[in-house]
Structure formats: structure tokens, C-alpha cells
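Before we start, here is the structure in question, set down as C-alpha cells.
Each chain gets a letter, A, B, C, D and E, in the order it is written, and its residues are counted from 1.
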Amino acid sequence: MSKLSQSKRFGRAAIATSVAAGLVVSGLMSSSIGTANAAGPKTGGTLILLEHTPKLDHLDPSRIYTGRDLAFENSFFIRTLVAYTPVPGAAGAGLVADLATNTGVPSNEAKTWKFTLRPGTTFEDGAKITCADVKYGVSRVFATDIITDGPAYLQQWLDLGKVEYKGPYAKDTAGQAAFDKAVTCSADNRTITFNLNKSVADFNYLGTYGVISPIQAKLDKGDAYDLRPQATGPYKIAENTTNQLKLVRNKKWSKASDPIRTPYPDEVIMKFGLDEQVIDQVFLNDTMWNAVNFGGPLPANKDAFFQDDKFKDRRINTSDPYSRYLAFNVKKMPCLEIRQAMYLSRNSKAILDYAGGSFFGGTYSTGSISPLLGLDYTPTKVVGPGSADFVATGNVVKAQELMDKAKTSCPADHKKATVDGLVIDVSQSSTLQDTIPINTAAWARVGIKVTYNIIKSGYYSTVLNPAKQNDLSNSGWGADWANASTVIPELFTLEGGFNLSQNGDDPAYKEFKAAVDVAMKTTDRAKQAAMWKALDKTAMERMWILPTNYGKSQYIWGKGVGGAFFWQPQGTLAWGKLYIK
Amino acid sequence: MTPIVKVENLTKHFPIKKNALARRKAGNVKAVDGISFEIAPGETLGMVGESGCGKTTAGRTIIKLYEPTGGKIYFEGEDITEISPSAMRSYRSKMQIIFQDPFASLNPRHTIGRIIAAPFEIQNITPEGGVKRAVQTLMERVGLNPEHYNRFPHEFSGGQRQRIGIARSIALKPKFIVADEPVSALDVSIQAQIINLLDDLQTEFGMSFLFIAHDLSVVQHISDRVAVMYLGKIMEIAPTTDLYAAPHHPYTKALLSAVPVPDPQTERTRERILLHGDLPSPMNPPTGCVFNTRCWKAQDRCRIDEPELLQIGASSVACHFPE
Amino acid sequence: MTRLLDINDLHVTFPTEDGNVKAVDGLSLTLDAGETVAIVGESGSGKTVTSLSVLGLHNKKRTRLTGEILVHSERGVVDVVSCDDEELRKLRGSAVAMIFQDPMSSLHPYYSIGNQLSEAYRVVTKASKKDALKRCVEMLDLVGIPEPQKRVKEYPHQFSGGMRQRVMIAMAIINNPRILIADEPTTALDVTVQAQILSLLKELQREFNMGILLITHDLGVVAEVADRVNVMYAGKVVERGTVDDIYYRPLAPYTMGLLSSIPSVYGKGTGRLSAIPGQPPSLISLPEGCSFASRCSFASQVVGASCATDAPQLIEDEPGHSARCHLALADRRTAGAKFAAKGGTA
Amino acid sequence: MINYISRRLLYAAVILLLVSMAVYAIFQFLPFDPAALTCGKNCRPNLIAANRVRLGFDKPLWEQYWLFLSGIFVGRDYGVGSAAFTCPAPSLGYSFRQNACVTDLIQQALPVTLSLAIGALILWLIVGIGLGILAARFKDSPIDTGSTIFVLIGTSLPTFVTGLLLLIYLTLKNNIIPLNFDAYVSVFDNPSKFFMYFLLPWITLAFAFSAIYTRYTRSAVIETSGEDYIRTAWAKGLKSNVVLRKHTLRAALAPLTTLAGLDFAGLLGGAILTETIFNLPGLGRMSLKAVNDFDLPVVLATTLLAATIVVVMNLIVDLLYAVLDPRVRVG
Amino acid sequence: MSIEAVESSSAPEPLLGADEELKGRSPRELAWRRFRRNKVGVFAGVFTLGTLLSSLFAPLICKILGLDPNELHLDQIKVSTGLPKAYLGGISWEHPLGLLPGTGRDLLSQLLYGSRISFLVMILATVATLFVGLLTGIAGGYLKGRVDATLGRVTDFLLAFPAFFMIVALAEPMVDRIQRLGIAQGNGARILFLIIILTFFGWTGFSRLIRSQVLSLSERDFVTAATALGASRSRIIFHELIPNLWAPVIVVLSLSLPGYLTAESVFSFLGIGVQPPGFTWGLLISNSTQYVTNMPSFFLITTVSLVLVVLAFNLLGDAVRDALDPKADK
């Protein structure tokens, strides 16, 4: 299977802070991994993570979907059935058994998956983890009115027949019966079986998500469980207040039962809501030795960190698994020429430069699939370097031609783009003050007018609501695991959980959807990869999204922190491996 | 002859509100509590009393700057008690007021010309020869330099400002003027000038005055008759000479005896009547005769019965035991 | 007689944006024990500034003082103009006390009467609080406040104007000062109350043999209580003499004018008052000659000097009776008789 | 006096009731659907409808208001089935964004804001009044000029600039005040930690206020010094510091009670800027975050709390003033 | 409660006696003369005027200097950090105050143009505050009775609201409302919101001030004199009262102008108010706070600009107040 496998989600923080909307590839996938393991890991001390957003999205394992949060929580206090190996480099993408004793056993053409629980695993209150707990955890995901925001694969894949299951909170006997059939526990309560409605060859990768994790029914408080979930890992939550999350050792956790985690620090504290400038100054002035920057440094400070030898062993600058783009709302902007003109007239270089150029910012996009997805990736030659009309600072001539064409072919849309102005949804970020003028100026060259709708909070829940989404929305996506099946269908089919393009009415959609269905059923991975590549190309030709860049991430940590490396499948540092020198 | 002004049992009470929310009336200040008198054309009625006795309120109520609480006001025989403020407007040219404080009574933002011209403007009257000429004539008449037409009040001294106020009041040749302590804020030497001016104007225009003052000597000088007020009521009203020569009411007597006289020998020899205590609160006046708490002649009757204003010779006195 | 106060050639000026205001221009006076000396004048004549400077209460930053103010205290003679703040402070309250025009605003609204009175007592005597309070009650009783035990705990706003002035007097005399400066003590009061206060002052003076420096504009009050009188006009004393001198034999035209301006309850309310024409001069640009010249009806009769250019000196025309005028003494005597208060007619 | 207090209490209660109604109405009429915000990114109309019922937004406005109001006294139940739970009285609602009873959230935040406000109040009163007195006492001297400059800068520099500069230069760059990212500790648990935690925020917040108070004190002292009763005090032969302390200051500073009380009340509602800059988990930051999250129940509750504090402080200030100024006492 | 209107008060001593020599000067001229003597005030006035003019004529000035606030100078920006390549934030002859980081736009022209919206908010909010405050203050103070009581209660009610917080809370939804009603769009709607909400919470204080002033004015004898002459209510309001309300109006101006200017920057800092690509001082300052250490020139220039203007307003206000009220010792 794939060598480079990816993970995750629209990292809200990653996108909001360091990049605004970025660009295409240069091909170089350098992961300058800073590892300064001179003395070797030590136990004890307090690890402090500094973060500028006010809170993690969720703590409830069923609701976690942001890559960063997932990595953090999985590293410390939420164990899942399977997990990624926390080691540097490509090896980190390998699945290992965590709460389970294996990485899942498929049968029935991968329509049935079995996991057996590892003995000796407990919750923080000492209760043994049983299959019933895992099953209960899975059932919660169906209470979509309360348990929001998690991945929706289980709802799509579990074989519930025609019944709509409403989760454990509602009195829903029919649904519960159907669910009990789809997910079963062995007599000894150690083995859990998932019955799927179709073949999913990589279902076990979903096991890295908290949606398949044990939760004690008697301790479940619905949405309030989010405040203080029961720990299954080496740490438990001691304090969760508005400005810090404090983890302390979970005495009930035993090293013997956990093949992955190495809990070095005695305490882990995450500080929320800090000013980014302040965070950077903490590291520049070595004010806190035991701290790590949970996000990245401000663009203006990047040189200070990366040009100075003082930080030689305390920094990482690496490609991250996200593909950034602006999603067109095709319903609102059905005119392909204008969509293409918008792509071509952008000043990609300026935006990438703003994000720090190829060194800090990343590379121009060549499609919707990130190069880190290895097997499924190839430049589409439709957009980005390698395509005919690509000019880094914007192909104004070609764009103007398209605009002129649009004037006759779709006059209403042309008027909308040039007279009324298109509205772009973006989430609030300090970089907007600069990226907006750059983009506005670039599009103005071909007479396209844009205004920005800045959304302060709940960005994705707003733009994912078709009624609220505007003409374009800024976004980013990384594969949930190393298969473009978590990219192309998610982004471009109507069933997909992250379709911002509203492309159902596009003339090419029907054919596209049919091809996706075929690809999903294709079990030959190489064949499937070829199909994803082709579909990626179609999506670019139809310009359902306006691709910007494949990004990079930077991390900085204090003098006293050791063991930092980039955890490729999670797209962040391997938090659980950090120790205090 | 019809009196210019006649008031019958005039009352003015001010409600006291203690609290904005409840708007409850906590009580009444009985500033003027049933006074009656009349003023003949060309006559000056002096009105004296200590502060808080209600003389200013009386003056203002008579020309309806305050709405009376009770009683009747007749102006030239017509009942103006119930007349609305707008209907009152036509009467305004016939009755005027002169104020005590020459600094507060002139709008500091207006020129003298504008101040004195206001009566013409407001009453929509165009005097012969135009407003400006009329104003300058008036200024000359009250002893101001007509060239100062464009100056502002702050450029004048107290006495001059009082002249400006007087010019404004007489602009429409009113028949009746309430002069509310017109000289008490002025220095002695200036005070005499203003008294003389008022004297002259009365002679010239023949208007009636209600001359309010606390200074008994000034009142004596200018009035034909004098009313003495105490706690909202008239204690005694009499022709000036009678009142000063032979006061009937103990309060009048005490008041007169308290006035210091600029004559050392008199001061050394005369007997003083010293009143004890202070003026009672007008919110809660004593029952019976309001003066009984300070009166040396007070008997039980005085604390129960309120004395009527009764004629004794040319005087009217409200006392059970007049002298 | 015991000399209590000597003021010699006192000049008070304060600089303003428009020029120097000469508020007091060469004032000299004396005060002996048991007597009342009045300074009488109209507004702006400099009388209040004089009273304040005796206690050093004038605004020191804004005011320039020259001359001598010699206070004869038990500890010796102190010149208020030149002594230091500490010496001045020790004079206040104990040797020289003062009562002010407006009893409404002269008491601290936030402290009880007892508190304020005993403070005045204790600052000089260092008595205990209890003793001081006892003394306060005595003093309140002395100045004629009924129920002093109860009222000593009350606050100024609970007192009427007359009562407050009594409190002020009690506060002033609580340390038996030798000099009492009364600055318009009755101006803000009603006549009946004014009479009470004046008689109280006279009574207390007799009892404690104080020297009272009375500042007033009211010639009636002066006639009632003063022994000697200084008439001030535009910062200068224009006439000085005993009270009878001033009222019955005035020698300065201004004094005559003043006397004749006043209507009197005992005089005949006949015809016009003889007013002084015009306005007092500006203290910033005083005329070169006699300040009163422009208003003086005798200026034209002066021989041998020009009222407009030569400033007259204060000359003792009769023993103890001085005036500032160029007009021949005989002429002034004749005029004075005409303008004199209608003496003895009452 | 009791009569006066009870009438004032009644008035305060009426105002609060009106304010709560107004706030409730304002936020209900806003153009967004609170239920739509509760279901994350997988929102579908049936989910929204379900959440509307779950959170009680389906009921008529007056009923919602009544539930809210009664919740304050008897607590309130939320949710259905096994996910049901109760926010005990006094319940100010339930935050579906933070999954917690609003009362609990406020309980966490209030001590922080209280500590911030009280500390800053003390600091700015000391600095403001002290400097104001000095400036008045030594009028037109270099001290006065210096205080004038302080006043001008203090009143023109926005708080967020002051705060950021202090944080970066005093703490991060020069380590004059040690960096403190620790969580809030109560003054009773660890005074020195508490002190260090709040030192910078106090300074920041007090900076602007002390400038205002310096200005006020200076002019009040100068004005009062010209009062007749101060002249009386001098005439008694009191020492100058007694005149200043006992007579001038008492009268000059009494009205300051009102000013300080209301400023303090305003801060208790949340020193939004200071709390944001220093990342203090107080009411201000909580409410700002709630606003950004459209976390309506929290917004509602904090607004009401802030209003309550203003009204109550008004009451306290009036009563306090009556104690300070005997003239007001009669009421 | 005064029973008898001013019966005792003795006249202030006219220290200077007769002023026959003084020429006919209006109170305004006198105030102007006093104002001119205050050097700091005059300087602040000139500075304020200069700032307002340069804001008004920003397009002209920028044209003369050859500056364009929207022109990007990406070539002058260092790719890795986004800071201007040149020393001191790119201060040069072409760009006297340097360039903005990130985009390389000219800071001077940004400041000039940005001041227009900031000043617009400030001035319009102040004017609106004045208008509402005057209206309600005069109504309450002159008409008294029920009108006054009602206004008083409304004021009490409004004062109980935590204004700052309400503004923050209402920003998004209200702007949304304004846009949906089609009154204004985008930044226009935001500006409108700021003006409305600042006025809404700002008028009460002014209204109280005016009310108390009108209350005391209407007790003054010159108003009574006008009544006694038969003047109508409107004449009394417009001829007698309003001309005497200058002092409180100036007080409000001197407080609310700088207050609203700072408010605009604070709300920008909190992400309320005008949004990019529009620019205001508030946005510039909140942007510059990210560059305190990297590009102090940017931070200093924007912050100092704000502080200077606020300072100038304050000083000017003080000076005008002193000039209008010579008795008030500063």
C-alpha cells in the first residue's frame, strides 16, 4: 500500500494563521527534521504548549476531526483502536494496533471488519475497556444533533439497512436494533465486529479516529462530555478552563498495555488564546524553556527563527499534508470561463511570497490532491507549473480573453463578476489585511471585483451551509488517510462531507460522479490511483475549486524541549514524544 | 377707578418631589398662601419681608410667570387667572418685570440692542422710526450711551446693566411693573441712581409698581403703600407713612426696629426688639398665626386661630393683638 | 488702651492679564482692645482684601503685599507681611480670628458642628477631645444656640443662616482671640437675624474686650457698632474718624455722597435721593489725580490744585479726623453739614 | 433611610427586569438562527429542527424569556433522554458551544475579573489620587507639568497598545516583570503568584484610569481649595497638611466615589481589552469569545450580569455617598 | 428645590469697575482672545486643523506626492518575512513614512486615506451625539415634567447597559441587518453601524449635561424675562437657550471626538468595524501591533499618529473650554 500516507482535515488553525490562500508545488518535499537527541529522553517536568486560538475544537473523541487536535489528543489521553507509529519520516505512516491487538481483520471482501481488544486497558477510573464501551462510543456518532463535527464515514458505511439511527440518546428502538446488528460484540466482550454496506479496503484507517473509541455509557453526558472525556491514554485531564488545558498522569494507565506512548513529562499544559506576537517573543527571548509553539510563528518572525543558528535544533520547516484552495460555489458562479479567468488572473506568486515563498510557504498547487499523497498524486497539467497557461504572477492576457468570451457566453455572470462583485468567504485572520489587497489588485487587472465576507467564528459550519455560502470560500483539505478516496469524493461529490463546490448542476458532474463510484469500488490500489489522478484532472478542468498552494508548516520549541519531530501522517509534531531536558 | 391689578386670596404652592421614581408629592412649599390686595394706576405698592417669605413668588405669580394654585388675579378688571400662556401673550406688553440680579437677567450672548429690541420683536410691534431708533431712545432715557447699542452685557457694570433691564421693561410702556428687588444687588451709590431712575420713569409714564424688596428704607422711599409679608401671608398692608410711623403688627414693628440706621446717635439710643429664633419652614408653617412662634405677644389664641387681615385706620393688619 | 493691630502703608496688588490691580493702596490703621474699627466701602474698594491679608489668607501666589501688618499678640509683635507660615499659623485662631460674610459656605458641609468647633479649639489648646467637646457646648450656648448638647452633633446643613453665623462666631472666639475680624458678618442675613448677630457681637466684645475690625458696606451697621470708621474708595482710605465724625461731620465728598445716597426708614421719604453720579474707576488704570474726581461735584470748586492730576493726601483736618481732599476745609465743613446724617431727629 | 434604600432597590429591580427583557429581545431578533449554530458542519434542516426543540428555541419568545427568568430561581433542565441534564439554580442558561451551564462558566470567570478590577481600582486610585493631589499642591511646578504629561498620554494611548507594549518590553524583552502564563490562582491560595499573575494587567488597566483620576483629583482639589470653608480651616490656624487632608480632600474626593464606583462596575462587566491582551480567563474575554462564537446564552448572561453590576454599583455608590456627604443623608 | 428664584445672591464684585474704555467685544471675540493667548491650545488647534485638512485633501496630497494607498510594492518586500527590504521600514523620499509589511503599500498615503474613514466615524458620531443629546437635553431641561421624567428613565435604562460589550456583541448581527435592509453594504454598513451604536450609547451623558445646563439656564432671569415679554417656547429655545449652550457642547466635542477616534481603533483591534481591503487608523494600528518588534517604525508611526491627534483634540478642547469659561482654573 501507500508509502506516504496522510491524514487529516481542514486544519483551521494552520490555514488561518500562516497562510491565507496559497499555491502550487515546487516538488521539493523537504522535511528538515530537527532532532536533537543528544542526551536521550528524560522523564519528568512540565511541557507547555502555547496556542493562540481560544480553544481546541473538541475533546470528545467522537467529535474530533481537526488534524492537530487529533494528534494532540491521541498522543496523550485518547487511545483509539489503531494508531500511527510516532516515528520520524515515512515510517510514521504505518498503522499499529493500539487498543486493539491487531490493525483490523477484514473479511467478506472487506465488508466485515473485526478488532480484538488488548487486555489490561482501562479508563482513568479504572474500569476495564470492553467491546461494549467501543460499541457505545460508535453509537454516539449517530446522534448527529448532539455529537457534531466528527467524521461521517460511519454513517455512510455501517450497514443499517434503510433505517435511520438517531444514536443512543433518543428512544429509537428500530434504529438501535439495526445498529446492534451492524456493530456486534463477541461473547467475551473483547472483539468488535463492524458490518459495512460496501467494501472499504482501508476501513481500519478510520480506527485511528476517535469515532471508534471506547466511551463508558454511564459517564456519557451528551455534549457536556466534550468538557472532560474519560482518558484512556497515559494522561488525564486535570483542568480544562478557558485559558488552559492541563493534563496529568493517568495512574490507571499501564505502559504494558500501550505499545506506542512514551509519557515523559509529568504534566502537559496547553495555554490558549495567547497573542501570536507574544508567543514568538517567548521563543525569541528564551523566556520559557519548556514550551512549544502549538501553531507556527508569525510570517514576520520566521527569518528570526530560521536564519539564526541559535534555533538550529529547535525548529522545523516542512511540507504539510494540506492542499489549499478557494472553492467555487458553482451554483452561484456557473460560468466556467469566469472561474478559469479568476484562476489565471490571480497573482499566485505574490500570495506564495506573502506566505514566505517556497521556503516557508510551500509550492503552487497542481491539483486538489497533495503531493504527500504519493501514490495518488500527479500534476494535473491543467493548473500550476506544467500547465500551458500558468504564469506565476498571473496570466492576465489569457484571463482577459476568457473574460471577453464570458461577456457573450454568460453575460449575467460576467456582470456579476465585474459589476456587482463576487463575495469570498474567509475566516478571520491577521493576514487578511495583506492578502485581501493583493488578491483584489490582481483580479482588478481583468476587471473582476471581489468583496470579502470575513467570518469570525464557526467558519466551516457557516460555509458548509449552502444557504450561507457565498460565491467562493477559502478552504484547505488533507486526506484523512493515504487514499484519495478521502479527498476526491469528499470534495467533489454531493454525498461528500466537504463539498463546498455545489457542483451537482455542472454539465460534467454526472459523468464525474459515475467515475467516482467506480473508483470507490476498485480494490486494485494502482488502478484506483490512476482513476483518482484522472478525476483530479477533471475537477481542475471544470475549475470546481481554485487551487492555490500546497503548504508548509513551521514549528519552534524552547531550549528545554527534546524529542521533537514532524509526524507525517498527522501533519504536526509527534506531541507524545516530546520530553523536558 | 379700576385698579390695575387686583389679587384675591392668591395662593401658590410648589410641590416637593422627593424621588424621581415614585413622583410622590412629599409636601408643598406654601410660598404664597392666600394674599389679597390691589394696586391703583400710578401707584407703587412696596412689598417687604425676609427671604423665603414668598414675595418674589407673589410678584411672579401676579404676572403669571407661575401658574397660581388658587385665588384670582384681575388685570385692569379682567380675570386673567385661568388664561392660557398663549392668550397671556397679548397681556405681556402691559405688564413687565425688573429683576434683582443684573447679571442673570441679561442674556450674555445678546447685544444690548438685541436685548432691548426683544419686546418689539416678540410682540410684533414696529415702533415709529424703527426698532433701532426706539431702542436708542430708550437707552438714552435710562441713562445709557446709545452708541453702546452693539455691546454685550459683560461690558457693563452692575448699575448699567440694571438700566438695560429697565429699558427692556419699559420698552412697550407697560401699565404695571413688578420690580423684584431691583436694587438689592447694587452698591449704595448706584442704588440711589436706579431708585431715582425708577421714580422718574413712573412720573413720566404713570405706570404702577409692585416694588419688592427686603430693604425697608428703600421701600419706604419709593412706595405709596407697603405690604409686609411673612411666610406667604400678608401681615400688614398700609400707606407708607402710617406703616413706618405707627406699625400695627408686631412683626412689622420688629422688622422696623431691626433695620440699622445710618445714624450713630439713633443707634445708640433706640430700643431694639430682638426676635428670637428663625423663620419656620414654609413647607410646614405654624398653625394659627404664622408669626406666633417668634412673637412676644403670642397667646394661646394665636396658636389656634389664624387672624384675618382687618382694617385699622388706613392700615390692614392680620393680628389678634394689634398695637 | 492696649494696641492690638497696626497696619502701616499696606499695599496689595495682584497682577492680571490686563495689568496690575491695585486693590489696596497705602492703607494705615490701628485697632485697640475693646473697640470696633470699621472699614466701609463699596464693592471693589479693597476692604475685603485688607481683612484677608491681616490673617495672611490672601492668595499668596497671586497677590503682592507690601507694608506692615503688626499684630500685637501675647507673645509679642508679629508682622504678618514678613513672618513665616508657621508663625502666621500660630496667630490664626488664637490671636486673630475671623468671621466671614457667607455662613452658608464657610462651614465644612461634611463635618459635624462639634467636630469643626473642637478642631478650632484643639489646634490651639491641645485639649482632649472630651474637653474640647465640652467647651464647644459652652460656646454654642454662649452664642445663643438652643439645645447645644444636641446641636453639637448636627451638620451645617441642619442649621439656618443665622444659626450658622452664630456657629462661626463661636468658632472664632473659642480661643479668646484679641482681635476679631468680621468681614461683612451680616450681609447674607435677614434684618431680624442681622440685628440678633450684631447685638451678639457687641455683647461678646464687652465680655472679652476684643478689638473688632468690621468690614462692611452697610452704613447702618457701621453706625450701630463701630467706634472708629475708615471709609475706603478705590483702594484708598478717603476719610477716617470717629463714627460721629463720619456721620455728622463728613469731610470727604465721597463720604458725603454715600451718606446722602441712603434712604432711611427714619428720614422723610421725600423726592429724589442724591445719588453719586457715574461709576467707580477701574483699579487697573486708576486716574492720575483723585480717584473720585470724575464723580465729585466739588471738583470744579477746588482752588490751587487739580483734582484730575494731583492725588490728594490723607490729612488730619481735625484731631483724629482725616480726609483726602483738595477742597478747602471750610467748604467741606459747610457741605458736610448739609449732607450729614439727619442726626438726632429720631 | 430604610425607606430610601428599599425604594432604590425596587427601582434597581425594575431597571434590571427591563434590561433583561431588552437584551433578550435584542438577541432574539438578530438575523441568525441559534439552533442552526448548534449542529456543526453536518447541518441538515431536520437536525436544526431537533436542536431547536432540544434547546427550547421553538417556544414563543415570551415563554423562552419566562423559562430563562424562572431558571434563575429554580434551575433549568435541558436535553432529552439519557443526554438530559440540569443546570441548577441560579441557572443563566446553557452554552451549547461550550457544553456547560452558563452559571458555571461565570463562576469560573468572575473571580478573575473581580481580582483584575479590584487590583486595578486600588492601583489607579493610589496613583491617580496621589498624583492629582501632588499636582494640585505644587501647582505650576515641574511635578504639575509632569502629571499633565502623564494625564495626556494616559488618556490618549489606547489600552491595547499600552498592554502590548508593557507585555513585550517589560516582560518578554527585558524580563523586568517575570512572564506568567500560569493559570489563575486565588489570592487566598497563593498571594505571591496571584500578585505576579495580575501585576501587568493591573498596570495596564490602571494606566488609563489613573490618568483620568489624576486629572479629576487635581481640578477637584484646586476647586475645593477655593471654597469658603477651606478658608475657614486656614483661619483656624490648622497646619497645611491638616487642611489638605481633613478638609480639602474629604470634600474634593467624595464625588470620586461615584466616578470610581461606576468605572469599577464597568470593569466588572469585563475589561475586554485587558483580558484579551493578557489572556485572562475573565468575563470580558469570555463574553468576547461568546460573541464571536454566537454563543447566545453566554452573551445574554454576561450582558445581564454586567447590567446587574452597573445597577447594583449605582445603588451602592448612592448609599455610600449618603454616608460620605451628610447633606444627602436626609432622603 | 428653590422656592424663590435667587433672592439673596449678592453680585460678583466688578473688580475692574467701569469699563468705558473697553471696546464692544462679543463673548465669542473675548473667548477667541483668551484662546489665542494659550500657546499650547493654538498649536493644538493648528495641528488639528492641519490633520483634518490633510485628511480632507488626502487625494490631492497623495497625487502631488505621487503616492497611491492601494499600489502594491511587492518587489520591495522581503519574501521570507514580509517586511520591507529597505532599512527603517522602507522610509525613503518616495515613501516618507515607509511601506506596510506584507504588501508594500505606502504608509503615508494609507494614513492619509485611512484617516478619512476614522475621522468620518468620529465626526458623524459626534454630530449625531450632539444632535440627539441637544434635542433630548433641551426637551428634558426645558419642558420638564413628564417629558423629563421619561427621558430620565430612558437614560437610566440605557446607562445600565454595558455599552462597550453591547457594541461588540451587536456588531456582526447589526451589520448583517443593515446589509439585508439594503441601507448600505460592506464597509459602508460597518461604518454606519459604528456611528449609530456609538451615538446610541453616547448621547445619554451629553443629554444629562445639556439637561442640567438648560435646567439652570431656564431658571435664569433672562429666560424669565423673555417669558414675561410673551416669547414663545421656540423663541426661548432658539434665542435664549441654545446660544448659551456652547460651553457644554465644546466639552462634549472635546471629549467625544478623541473618544470616538480611539473607539474606532479599539473596535478595529477587536475585529469589529471596517474590514480590509478598506483601511482606517484602527486597522492600521491593529495590524501594526504585530510588528512591534520586527518593524517598530510601522507601529510607532501609526500609534503616535493616533496619540498625537487624540492629544491635539484634548488640548484643543481644554484650551477652548478655558477660553469660554475664564473662571475655570485649569
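In the analysis below, a residue touches a chain if its C-beta (ideal position, glycine included) is under 8 Å from a C-beta of that chain, and two chains touch if they have at least 3 such contacts.
Quick caveat: nothing in here was measured; it's all calculated off a predicted structure.
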{"item": "Reference subunit B; chain at largest CA-centroid distance", "value": "A"}
{"item": "Farthest-lying chain, centroid of Cα atoms versus that of subunit E", "value": "C"}
{"item": "Centre-of-Cα separation between subunit B and subunit A, whole angstrom", "value": "90"}
{"item": "Separation of mean Cα positions, subunit E and subunit C [Å, integer]", "value": "51"}
{"item": "Centroid distance [mean C-alpha coordinates] between subunit D and subunit C, Å", "value": "55"}
{"item": "Residue numbers of subunit E (touch at least two other chains)", "value": "8, 10-11, 14, 17-19, 172, 271, 289, 292-293"}
{"item": "For subunit D, residues that touch 2 or more chains besides their own", "value": "164, 168, 173, 276, 292, 294"}
{"item": "Where subunit B touches two or more other chains, by residue", "value": "51, 157, 214"}
{"item": "Subunit A-touching residues of subunit D, taken from the complex the two chains share", "value": "36-44, 47, 50-51, 54, 79-85, 96, 98-100, 105, 108-109, 164, 167-168, 171-173, 175, 179, 181, 183-184, 276-277, 279-281, 285-286, 289, 292-294"}
{"item": "For the subunit A and subunit E complex, residues of the former touching the latter", "value": "276-277, 281, 284, 298-304, 306-307, 350, 353-354, 356-357, 359-360, 428, 430-434, 436-438, 440-441, 451-452, 454, 456"}
{"item": "In the complex, subunit B residues that touch subunit E", "value": "14, 16, 20, 23, 29, 31, 51-52, 54-57, 60, 63, 65, 88-93, 95-97, 99-111, 118-119, 122-123, 148, 150-152, 154-158, 165, 168, 181, 185-186, 214, 282"}
{"item": "Interfacial residue positions of subunit C with respect to subunit D in the complex", "value": "55, 57, 61, 85, 89-94, 97-98, 100, 102, 105-112, 119-120, 123-124, 155, 157, 168, 171-172"}
{"item": "Complex contacts: residues of subunit E adjacent to subunit A", "value": "70, 72, 74, 77-83, 100-103, 105, 172, 186, 271, 275-277, 283, 287, 289-295"}
